[in-house]
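Next, two complexes with subunit A in common: one pairs it with subunit B, the other with subunit C.
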Partner chain A sequence: MSSKIQLKDYSKSATHKSAKLIGGVLMAVGAMCVVPVMAESASRFWHGYLIMYMFLLSIGLGALFFIALDYLVGAKWSVPIRRVTEILAGLIPVAAVLAIPILLGGMDHLYSHWVHAADYAHHEVKADEHKTPKDAVKDAHAKTEHKKEEHKEDSHGDASEHHAPDKIIMGKVPYLNKGAFVFRYFAFFAIWIAGWMYFRKNSLAQDNDPDQKYTKANTTLSAPFIFIFGLTLSMAAIDWIMSLEPHWFSTMFGLYYFSGCLVTASCCIAIYTIRLKEGGFLHPDMKSDTYYSIGLMMFAFNVFWAYISFSQFVLIWYANLPEETFWYIARADKGWMIFSIFLMIFHFVIPFFALLSRTIKTRPSRLMFMAKWLLLAQIFDLYWAIMPAARLDVNFSFLDLGFIALAAGIVITVFDRGAAKTQLVPLNDPRLQMGLDFRSH
Partner chain B sequence: MNIDYSKHVSLVEGTTNLREVDDVIAAPMENPNNPRFLMALFVSVSLMVFCGGTALYNLLGFGTGTWGNQNPVMWGWPIVNFVFWVGIGHAGTLISAILFLMRQTWRNSIARFAEAMTIFAVITALVFPLLHTGRPWLAHYLLPYPNERALWVNFRSPLLWDVFAVSTYFTVSFFFWYVGLIPDFATMRDRTTHKVKKFVYSLLSLGWRFSNRHWQHYERAYLILAGLCTPLVLSVHSIVSFDFAVSLIPGWHTTIFPPYFVAGAIFSGFAMVLTVLIIVRKIFYMEHIITLNHLERMAKVLMATGLMVGYAYSMEFFIAWYSGVEAESFIFINRAFGPYAWAYWTMIACNVVFPQIFWFKKLRRNIPVIFVISITTNIGMWFERFVITVTSLHRDYLPSSWGYFTPTVYDGLLYLGSFGLFFTGVILFARFAPVVAMAELKAVVDGAQPSHHGGDHE
Partner chain C sequence: MSRRLFSTAALFNTPDEIMHAAEKVSEAGYENWDVNTPYPLHGMDHAMHLKPTNLPYVTLIMGLVGLGFAVFLQWWTNGSALQLGAHDLMLPRWVERYPFVIGGKPLFSLPAFVPVMFELTVLSAALSTIAAMLGIFCGLPHNSHPLHDTDYMKAVSCDQYGLYIESSDPNFDEAKVETLFKDLGATEVTSIYRPFEQKPGFISHVLFFGFLIATAVGVSGKAYFVYNNLLYARLVVPGYGVIKLDHIIPYNWMVNQPRLDAQEESTFFKNGRSMQNPVANTVARGYMPYKYAGNPDAANKDTHNPVPMTEENLALGKKMYEITCSMCHGDFAKGEGRLKGNLVPPSLHSSKAKKWTDARMYHVIVEGQNVMPSYAKQLDEKERWAIIHYVRALQRAMDAKESDLK
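After this line comes the complex of A and B, so read on.
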């Protein structure tokens, strides 16, 4: 066991005070920017909101995956920074709360193609006027919204004048209906939050009781948890993003969102490890080799993201089937092409070469810069995946930045609150000393 | 069994004597040929010569019509076997390059052998597309070089990308393997008293003198090659999957194919490495070098990749329904319940169901169990390629051209011959080169690790 060290108290530090302030200000500014978007166009607002929600969820899920993975493979280098990861996974319950407005109000705007399809299934035999008044109002609402937003019908013909769903969407009703969607929301978040709480409970309990049984318990859970995690995450990605354009399908989509989760989580881990370490809150024996490992993860998972995104694109492009290509055409038309090209350069080409060198991974300031870069790139990736579903002309405004500010404010606040009430180094973890001894060469 | 998480697990059991490491590893090369070795060589050479030779004679004499490939299944066993062998060639580079970059030192005991298997598996794999071209003596047409026939290759075809991907993979893997072998060849040069051997090992060791400067260059080169190999592990099988996935054939065209094929390749590769290593550690008395812990870790990787493959199977099935494309749903239901249901359920049982027994620690530390599962995995992964290739083709869009694929005896003989070729290579390698990297292994023997704080490692 390591010799007793005195850790700096985060909750009494200036860092805590400033983070509290910055987080609050960013959230307030973000909220103020976002309200006009709501007034301008509800569809735009909800798509922006979904981007923010999926982004925050991706950090939480990626962090949760790293916790489980590190236990599963018996990783040592990451033990000194495990608390950072654990606190970041605390974004999952926050995301669960943030999803509620979508479930209550946003679904009509986001998933208007299928959200009422189940009603049509019941009404097909009956006449239209047999609808309950409430449904009729909802439908009318969805229709007008849609007419306003939609400039043209799409080649695949889903956006019909009437919002009557076509045969293909009717075929998906057993999966894509409001009840099942809400049920999956509850089930998935229950699994993720339960997993996070279990890992965290054992990890924190070890601070007072240096028994290895806690490590063993977490290791035992990690294997089946990762399996369930993979399935739930994929279905969540299909539910929340892929079903925005319900005609479209890609077996790769779950992995696509997953790769994004790994990028955002490793970037956030980088940012907060650097911030806490440079502030003197982490173990004094921790060396820059730990930064190197985090940088390595950022690099590797970013390449993984590029591999997954590119494979998905190239297979659809090459086969050239209209039932698949329309998704990419929507991201090439109406000014989106420049966004698509920009995404490739911004998310892959520049970070690839930037993160290749060893020095950038070990120098805190440079690694921090690249982590922020990649986080922005990942928001941009979600923007690129979600926003064109609204079928709007490209109209990127500064108001859209409101959601970024809001997301940043939430991450800062959640992390700050988590850090203030947690011991930031798992001092009794049996692998801590080996983790501190880790050298990257 | 209780594990102490605060301690490193010894990678080599029962010895800390560096000389003994050399002795054990060099033994198969220095001792007179033992009968078991000759027996194994005899079997594989006969497989290669008699089975492979017969098939080859027939093929070159009468053409590819002697295979079972027939309308509508124009891609039969040759493609299945090609993908099967290329897949097996993946574990080697994963173990040697990716696990090296991840600083998984346990790989040091098994990397060399796995790499050698990669080399021979890729060579074996290349036989099939080469023969499938029909006129293998014109195979150089596949390479884009200026020629007077104004013949140019089709850059838009993934089959051509395969030529580049596989040959790049082979070249880099070969150099990676060879660079790793240099210090060990030097050790063998210094140990041997035989004149011819001394000459050959001297030549192969490129004047290695174990100097500090040599080691520095070596480590740099090894790291760079590992970095180059890593993307190649993914690219080769991704491009093999493109052969199928860029097409419009239901069951082939699906976006998850690249990572799914890579996971499957690692799955099958680890299975083959396990099968062979379990035998090798026994006949060469290396049980303390390739320990039960190594086998257990590989069993875990086997189970993990098996689950990834299972994920891909279920995702394909789900999206086939979700897409609402009738042909797509049809092909998947037909796979599970059509004329090839037997192949499909063999695949599911071997790849997804059987590896689940590794959830139990007792079973994944039981060598006969690991051995059996490694073999069922090989069978399952062969069937996976069979299911993908044949079931998608035997039901065309036109019911009038539906058919049922039956392989001929020459398909079978060529396949058996490929095993002969592979094992002949592997066995000869084990005879003439160190099957475990001596230099790398010595670095992870207990007591050899550098200590960062004055040697107070517990």
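After this line comes the complex of A and C, so read on.
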């Protein structure tokens, strides 16, 4: 019955053409803005690049999580828009490719604290043995300051000279070394891409063969996958962001990045659901209740993000241990305080009150606005988490916006190419009709 | 038939039928009507053309009130930027402020307040939402309802879907409504009457209940304050003095108790005292009387120290010395204690102290000497002897012999 519905063909539509153009233009503009950053300071370039990479990865991972979660809990409301989520998860392989430049050239700039630590494993350490961990932290700060001065002399910010690592970093060498880092990169991406391909393969196969076994197979995989996903995502967040300042540690950091993933993914799902629905590419019976549900996800996970990031802050603030506080002090000093306060208001306070209202969640244009708002807020959150680690003199430069343009261009292009190749509604899914009938109130 | 009609009700068999019926009834322009189903039907709001409820505004406002209250509460109790206490503002004592510095944080430190702000926001929003929903939007408490105890109610709370239009509706016309229901495919159409015509008596009137509650609260509250005042009441008689009234009021918060206080008169014992000496030739459990009580010279002749000089006991002595003795006598027993002032205790390295036996020193700990009070309550016997061992060790350390240099 439902298979008789005629869907508009995305690959032949005007939306496809314009998306192709916009994506291409944004990527070109972004790349043009980014090149001068490289010339100005390599360190700034690589931190900006890492922000862009982590942002794109967060969309892909969040979307992958939503796919697995919806299968696991048997969600009905999200079935009509599942293809949107599946296409967005296609950003994971793109992120895997984007990570390669970091592995090849950026690690010396980003992870200079520990990337060469393993070379010192046999000498140097003995001399430091009398030092307590507290001294080591002090040394580390002194070194950071020293490094900054170095940057002044060498405007290219080339971290070519490596200091002997202190005792704390030496203790972390078994985990934080180049070999293990690259190994984890391959392992994590292999797991995520394999999971994504398996879900997608079964989902697409159902379009031609209306059999429930594909849904069942995906549901079976989703339970163990979500467990492994949580583990790998936490470790990836520690690897790529937390190890920028390896003296610092926070046991909630993985969760912090995860909450951001959920925000970005639900915002992207909102944007593309609205865009495709308004263009007439989704099921005509889909009602505004679906928008409402996505809006709820955005609201809920944005509050979750605020809860997690505030908990992380307040625990460290209360305990007031110098081993932990310096991360936040770096974000309160030297002009970063205004960024921190702005982040709170921009990412939590305003969206919280805006998304409280049901009207905003059901009207496509307003929901689209809030989704874009939150995406910007989330990339700003990553900026706030990553950029201060570079210890640069200038906190913000307008050329950094080039990375946002680049990220937007990549998202648009990847989604557009994915959408052109896929049937945008899983017409044979056994839960599709229930999803279309779903009413949120 | 003298019973008044309350409503006309119809029963339907499937959710789709009731959804359709609700839509039609709503479109026909009826206002006072409702739908009863055994479980919530998604989409019913839409079918009934219900306006969104105002309940979320109650939640929002009360949430903000809770938030504001949390900020105010914590700002007030944690002391002040204004440096004003309850006393300065002529407020009662139970709203006193406590400007304690905790963990070195400022008195007004927002990060620490956020959890409480969050909790009170949620608490206030949730409780007032429920209260407003039940009390205002659902119109509870309700003594009874005409729909109760009808076959209609039995059906819709079991396996059927019902819809009724009240006779108070401006468009209500019994015959028309019945045809409408029949056309919509109702399996059964019934008229529901009010159970009795009797007007509710004044006992079930809201005002009467309010009066009762107000009286109860007022009387008990007044009684509380009156009793409290009586408890501390004093009758001042000019030329005579002050008479305490606490023993004549009936309810005195246990100020007067049957137990005997120290130095009080007793009618139980022959000698009329509440305090009695122990029975002759007995010792209380765990309290061995000190044998040289009031006899320091005898103690100076006793050279015995019952606690052996072991590393463990020396450590105990050091610990207890530092806790109990060092603030006056100093960490090295030179009299260089941390209590700087008029009090200058003698050095324990004096030749007099060195010549004393352990039992003589023990005597000072137990009975005190000059300004020094007895420490028998703070230190048990083993600890006293251990401290003496430690003091001997200190004396020895300050008085190295030539042989030690080798």
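A few remarks follow.
In this text, the second predicted complex is superposed on the first by the 396 of 441 C-alpha atoms of A that agree within 3 Å, B and C clash if a C-alpha of one lies under 4 Å from a C-alpha of the other, contacts with A are read in each partner's own complex, and residues count from 1 in each chain.
The rule we apply is simple: a contact is a pair of C-beta atoms (placed from the backbone, for glycine too) under 8 Å apart; a residue touches a chain by one contact, two chains touch by 3 or more.
Just so it is clear, the structure is predicted and the values come from calculations on it, not from any experiment.
When both complexes are overlaid on subunit A, subunit B and subunit C end up clashing with each other. In the superposed model, A:Arg358 lies in contact with subunit C only, and not with subunit B. Here subunit B and subunit C are compared by how many residues of subunit A each touches, and B touches more. In the superposition on chain A, A:Lys334 makes contact with neither subunit B nor subunit C. Using the contact criterion defined above for the overlaid structures, shared-chain residue A:Arg417 touches neither subunit B nor subunit C, since it reaches no partner.
Of the two partner chains, neither subunit B nor subunit C is touched by A:Lys20.
In the superposed model, A:Tyr318 lies in contact with both subunit B and subunit C. Using the contact criterion defined above for the overlaid structures, shared-chain residue A:Arg366 touches neither subunit B nor subunit C, since it reaches no partner.
Only one segment of subunit C in 21-29, 93-101 or 327-335 runs into subunit B in the superposed model, and that segment is 93-101.
Residues 314, 318, 439-440 of subunit A lie in contact with subunit B in one complex and with subunit C in the other.
Partner subunit A is touched in their complex by these residues of subunit C: 42-43, 45-46, 52, 56, 60, 103-104, 111-112, 114-115. In the complex of the two chains, the subunit B residues touching subunit A come out as 2-6, 8, 103, 231, 234, 238, 242, 245-248, 253-259, 307, 311-312, 315-316, 319, 322-325, 359, 452-453.
Residues 310, 313-314, 317-318, 320, 356, 358, 438-441 of subunit A are the ones touching subunit C in the complex. Residues of subunit A touching subunit B in their complex: 1, 74, 167-168, 171-172, 175, 212, 215-216, 223, 227, 230-231, 234, 238, 247, 249-255, 303, 307-308, 311-312, 314-316, 318-319, 321, 323, 430-431, 433-434, 437, 439-440.
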